[in-house]
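Read from first to last, the chains carry the letters A, B, C, D and E; within each, the first residue is number 1.
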Amino acid sequence: MTAATPAPPMIRMEGVDKFFGDLHVLKDINIEVPAGQVVVVLGPSGSGKSTLCRAINRLEPINQGVIEVDGKPLPAEGKALAGLRADVGMVFQQFNLFAHKTIADNVALAPVKVRKMNKGEARQHAMGLLERVGITDQAEKYPAQLSGGQQQRAAIARALAMKPKVMLFDEPTSALDPEMVQEVLDVMTNLAKEGMTMLVVTHEMGFARRAANRVVFMSDGEIVEDSTPDVFFTAPKSDRAKDFLGKILTH
Amino acid sequence: MTAATPAPPMIRMEGVDKFFGDLHVLKDINIEVPAGQVVVVLGPSGSGKSTLCRAINRLEPINQGVIEVDGKPLPAEGKALAGLRADVGMVFQQFNLFAHKTIADNVALAPVKVRKMNKGEARQHAMGLLERVGITDQAEKYPAQLSGGQQQRAAIARALAMKPKVMLFDEPTSALDPEMVQEVLDVMTNLAKEGMTMLVVTHEMGFARRAANRVVFMSDGEIVEDSTPDVFFTAPKSDRAKDFLGKILTH
Amino acid sequence: GDRNADSGNSGNSGASGGIVAKAKNDKKLTIGIKYDQPGIGLKTPDGKYEGFDVDVARYIAKELGVEESGITWKEAKTPERENLIEKNEVDFVSASYSMSDARRKRVAFVGPYYQPGQDLLVKAGRTDITDPEKLNGKKLCSVKGSTSAQSVADKYAKTVQLQEYTTYSECLTGIDSGLLDAATTDNTILAGYAKANPGKYKVVGRPFTTENIGIGLSLKDAEAKTAIYNALKKLQDTGEWKKLMEKHFAGAEGYTIPAAPPAQFTDK
Amino acid sequence: MFDLIEKYNVLDAFWLTIKLTFYAAILSLIWGTILAGMRVSPVPAMRAFGTLYVNLFRNTPLTLILVATSIVLKNTLGVTMFADEQSQDFFAILDFRLAILGLTAYTATFVCESIRSGINTVPVGQAEAARALGLSFAQVLRIIVLPQAFRSVVGPLASVLIALTKNTTVATAIGVAEAAGILRAMIEFESDRIMVVFLIFALGFVILTLPTGLILGQVAKKVAVKR
Amino acid sequence: MSAPSVLYDAPGPKAKARNHGYTAAFIVVIGAIAWYVISELLDSGQLDWPRWEPFVNGSGVWTAYILPGLQNTLIAAALAIVIALPLGAILGIARLSQHLWIRAIAGTIVEFFRAVPVLILMVFARVIYFEFTTLPEENLALFSVVTGLVLYNASVLAEVFRAGILSLPKGQTEAASALGLRKTQLMTLILLPQAITVMLPAIVSQLVVTLKDTALGGAILSFPDLLDSVGKITANFGSNVIASFVIIAAIYIMINSLLTWFAGWLERKLAKRKKAPKAKPIHIATETGAGASMDMGGGGDSGSD
């Protein structure tokens, strides 16, 4: 655990427990992510990575423990919760672009509706973001007309449009064709370089090595290891991590 | 192009063209696969890899050109076509196991119905194959009860049950969770070692390097390169191949 | 026992030997009656059949030599009576069967064996409706397919509001709640309801038409016509007719049992 | 054929069919939407009521429902549906309105189920993405979920409308003189031209339902959300 | 353990309190309406015991009227479905034929009988049987009811069959062909068995529709069905029409709920085995009732890409 610093950590989870019925999916989770850090979460399927990620903006309510974002505890509902979520960007495995709106509208929607930005400004801002992720020419198309890689980049632009303090990524590249993985990872790498605080669930070891400050390894709802990428990939401590790396790295 | 050998090549395509409406998806394809060779087909999405693969057992009829399997031209329909297909094993990305039959029945079905093997014998043979792919204990389950990796291994066993002369694989591991990819590749590697003629569409570069005799690179419906894995991965000739490798290998 | 269930080909004899011969030889008859008309023809929950028409049918059967045990009862719904006779599925029909000219084209009648008149049924204790003219502005109920309500509107009360239902029971719920003021049809039918629900309804007792109710049977069976004629005549002559009328209708408020109709028991 | 249509006022009868369909369609849409709202609401009592209502009315024959409106509502409870009691047409108007009521009570269950399944076709991810952006409950519903749900509901609702059109014939059971109401007379008096009579009615309904199916089918295709 | 909902966020403490409030208010409203209806019924004497007594005191209403009516209803519905199933299968497969003219004929038949109300089909079946056959009068109503139901249901089931076969992933066909199975083997060994299991719930649902439609026979054709028994009961017990309706409706609801429950159970049971990646919902205009949405199961993705 990192020592407490004067500035509060961007994300803090303390003693978090989560159950689905009888299933204990998060077990006494304690983690802090300081501002500007990129944390990659690894672990076998079903280990609770997604649940961890979704708990941070309360898409999954937790049963026990404390979650704080930027020093403030997670509100339970209503306006306060919406306000917090606006500050936390989230990117999903399945992109989840609004199917009935164009790409530009997808990106401009929340700034207008939540941040009360005026429409023209929001649109201009959206086009800037689309340029940043390299899909300006797709602005007027509908999500279904784009390739997976393009959709995921649009989804990142949509999250960035809210100028979030922290970004959560839940397996952003696992639904993509292999050639499109890189274009999305490039966007994420740039984001990391610019100092965005990020929590990334991914199986892309290359990205973990290159862009992460820390690697958190989960298994069975527990955080089993929490170290630097170098240490984790070269000298994993637990058997579970070794086994996992063995399976994932041979091919 | 390889020179003609006394024994006919297992697969031969000559001047093959294929259209979907106006879309020209296979452009003057010429390729020969000698018996016992393992050929990996690479290329970006939409380049025509699946179509090439499916044309060989006429799941997609072609518009122009000649396809021969084991020296005999591909029949157009009826009994002759069914007979040829029985000699060509095929493994799909989505496994396509028969959902209403147990794994053992999936494997034993075609030998009984097509090869007129008697049921007891077919079953024994099926159990032998399931052992070979390492899922004997799943024999009485239904496909939906198996993991993706187990399903794909069952699908390979089902194809092998017909004692095919050649096996076609269309992205056999792309629908799998990363931890299951290796178990399927292992089965395929063993098959290659045993001397099976194989044509494999895949993005698994490790497999291509390890098990392939030849790599064929497709782009926009054309065969752009056809060389050994060593040459292809270290010194691709065309820009398109270089570009593709750049995208796929960085992560 | 539910005799409705056995398909009985008993009716076929009509074409061959006629029902008199059949009754004599087989000791069996199939008779069409109403199942849902208190006082006239009713199938009771314990599987019995009762009502004036049913008793008349029993009498005729007995005269033809058939005991109760030899009778197969069959439901003869209003729109189906001609069909049943034409297809020889019943030997005769005794089901408040009006002898109309339209029907005479398809079936033969023997009768009238009673002559009800169209009348009104109102809530017991109600005194404002004494005759059909009083129905102006009132709500009158009858049953689908009968022309009785329309004739009231045409002849007696121009501004009556008419309502039609499938069964008279439905009319009665409307009278109970006060939505409807009166129901109209043959006074015997009305009397049946009044008697079945003592103290609830009364017949107004001012019949304004005369209906001729007869036994319906096949056009081809002349011998049967005579036999039934004789039976009905005997019914009247022995005073049995009066007894049956009293058994089924006496005590219905507002209904007076009429004299037997003039003995003219065959159709033209 | 045309002489028959004129003699029996077939067009008037079909006009009544159309009117029944029209009013019942509008009301079922409203009541069905309210029911759907109850069935997906977070309030258990509303969900229970919605479920109970749908299961009762969907499993009862329409014939029985219509006859019951007449016997229970009109005869027993004295419901007059705002019809003028003094009017000569009191019963005609009342029965027409009761038929609409019965058709609505029944059809709304199917509208409800269509809407509910329409909502179910919207992937949860769409709502989660919207929530994750900070949209409020009302905004998620209004901007993201309902627009997508309504688009996928057009097709099923078209089927409901067609079924309703055909179901208006059952109103004959309570004496409404819509298309099926004049059938009896035509069959009785035109028994020698029975096939012509059949064709008139069959074609009448084909004309009423086929365009509905085709047009709404096109609309459904056009507005469908591509995923 | 609430699965995430498309409509609501996981409720917080305030939301929970609010929901309790709504619950209370709603119960009050429903209670008031129920109270009004019951008191009206009481006032008009409809809840008086004598009107209900015949149904429990062994008066014979069950054996004399209700059960025979129910028997007729069940017979008509069962006959209709049993006859409509093979007809529907033939029409459905014909609509998938490679020959345009077969598709056209089957398509016209299906669309025509789906457009014409069942009631009108029944009425005309009756007229035609009466005019052109020597069927006995007492079977006429049953035959007409069954004929109307068969014509309509065969058309609906044709669509169910077609949709059922089409809903199977294309990969099933491709895998079978790739193994060397012939067309008939493909249909009989792979497609039909899967299609039928996929369709079973839809077929059971159609049975509910059919059961309800038999009531038309009672109201219009004097077919002595369950609904028709009301007339006989009320003739014996005065005007206990409401009591009779309530009992008869309860019987329909019970049987149909049972069937619906069975369909759902079947669907869940089959889904467990099939666990298809994505069920493709298929909407078919059914009934006198309506677009019962039928989850046909079966995968949405076709193996090729």
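Here is the rule we use: a contact is a pair of C-beta atoms (placed from the backbone, for glycine too) under 8 Å apart; a residue touches a chain by one contact, two chains touch by 3 or more.
Chain by chain, the UniProt names read as follows: A, B = ABC-type polar-amino-acid transporter; D = Amino acid ABC transporter membrane protein 1 (PAAT family); E = Amino acid ABC transporter membrane protein 2 (PAAT family).
For clarity, every value in this text was computed on a predicted model and none was experimentally measured.
Among the remaining chains, the Cα-based centre furthest from that of chain A is the centre of C. Here D-E and A-E are compared, and the pair linked by more C-beta contacts is D-E. Of all chains displayed, E has the C-alpha centre closest to the centre of the whole protein C-alpha set.
Centre-to-centre, using mean CA coordinates, chain C is 41 Å away from chain D.
Centroid to centroid, with C-alpha atoms defining each point, chain A and chain B lie 37 Å apart. Per-chain CA centroids place chain B at a distance of 84 Å from chain C.
Each of the following residues of chain C touches two or more other chains: 166, 170, 173, 176-177.
Each of the following residues of chain D touches two or more other chains: 67, 71, 75-77, 123, 126, 128, 131, 173. Chain B has no residue in contact with two or more other chains.
Taken together, the chains touch in the following pairs: A-B, A-D, A-E, B-E, C-D, C-E, D-E.
Across the complex, chain E is touched by residues 50, 54, 57, 59, 79, 82-90, 92-100, 109-110, 113-114, 142, 144-145, 155, 158-159, 162, 170 of chain B. On the chain D side of its complex with chain A, the touching residues are 123, 125-126, 128-136, 139, 143-144, 147-148, 151, 225-227.
Contact residues on chain E toward chain D in their complex (touch as defined above): 4-9, 11, 15, 19, 22-23, 26-27, 30, 37, 40-41, 44, 46, 111-112, 115-120, 123-124, 127-128, 131, 208, 212-216, 218-220, 227, 241-242, 245, 248-249, 252-253, 256-257, 260, 281, 283-293. For chain D in complex with chain C, the residues that touch the partner chain are 67, 70-71, 74-78, 86-88, 90-91, 173, 175.
Touching chain B in their complex are the following residues of chain A: 44-45, 147, 177-183, 185, 203-204, 206-207, 244, 247-248, 250-251.
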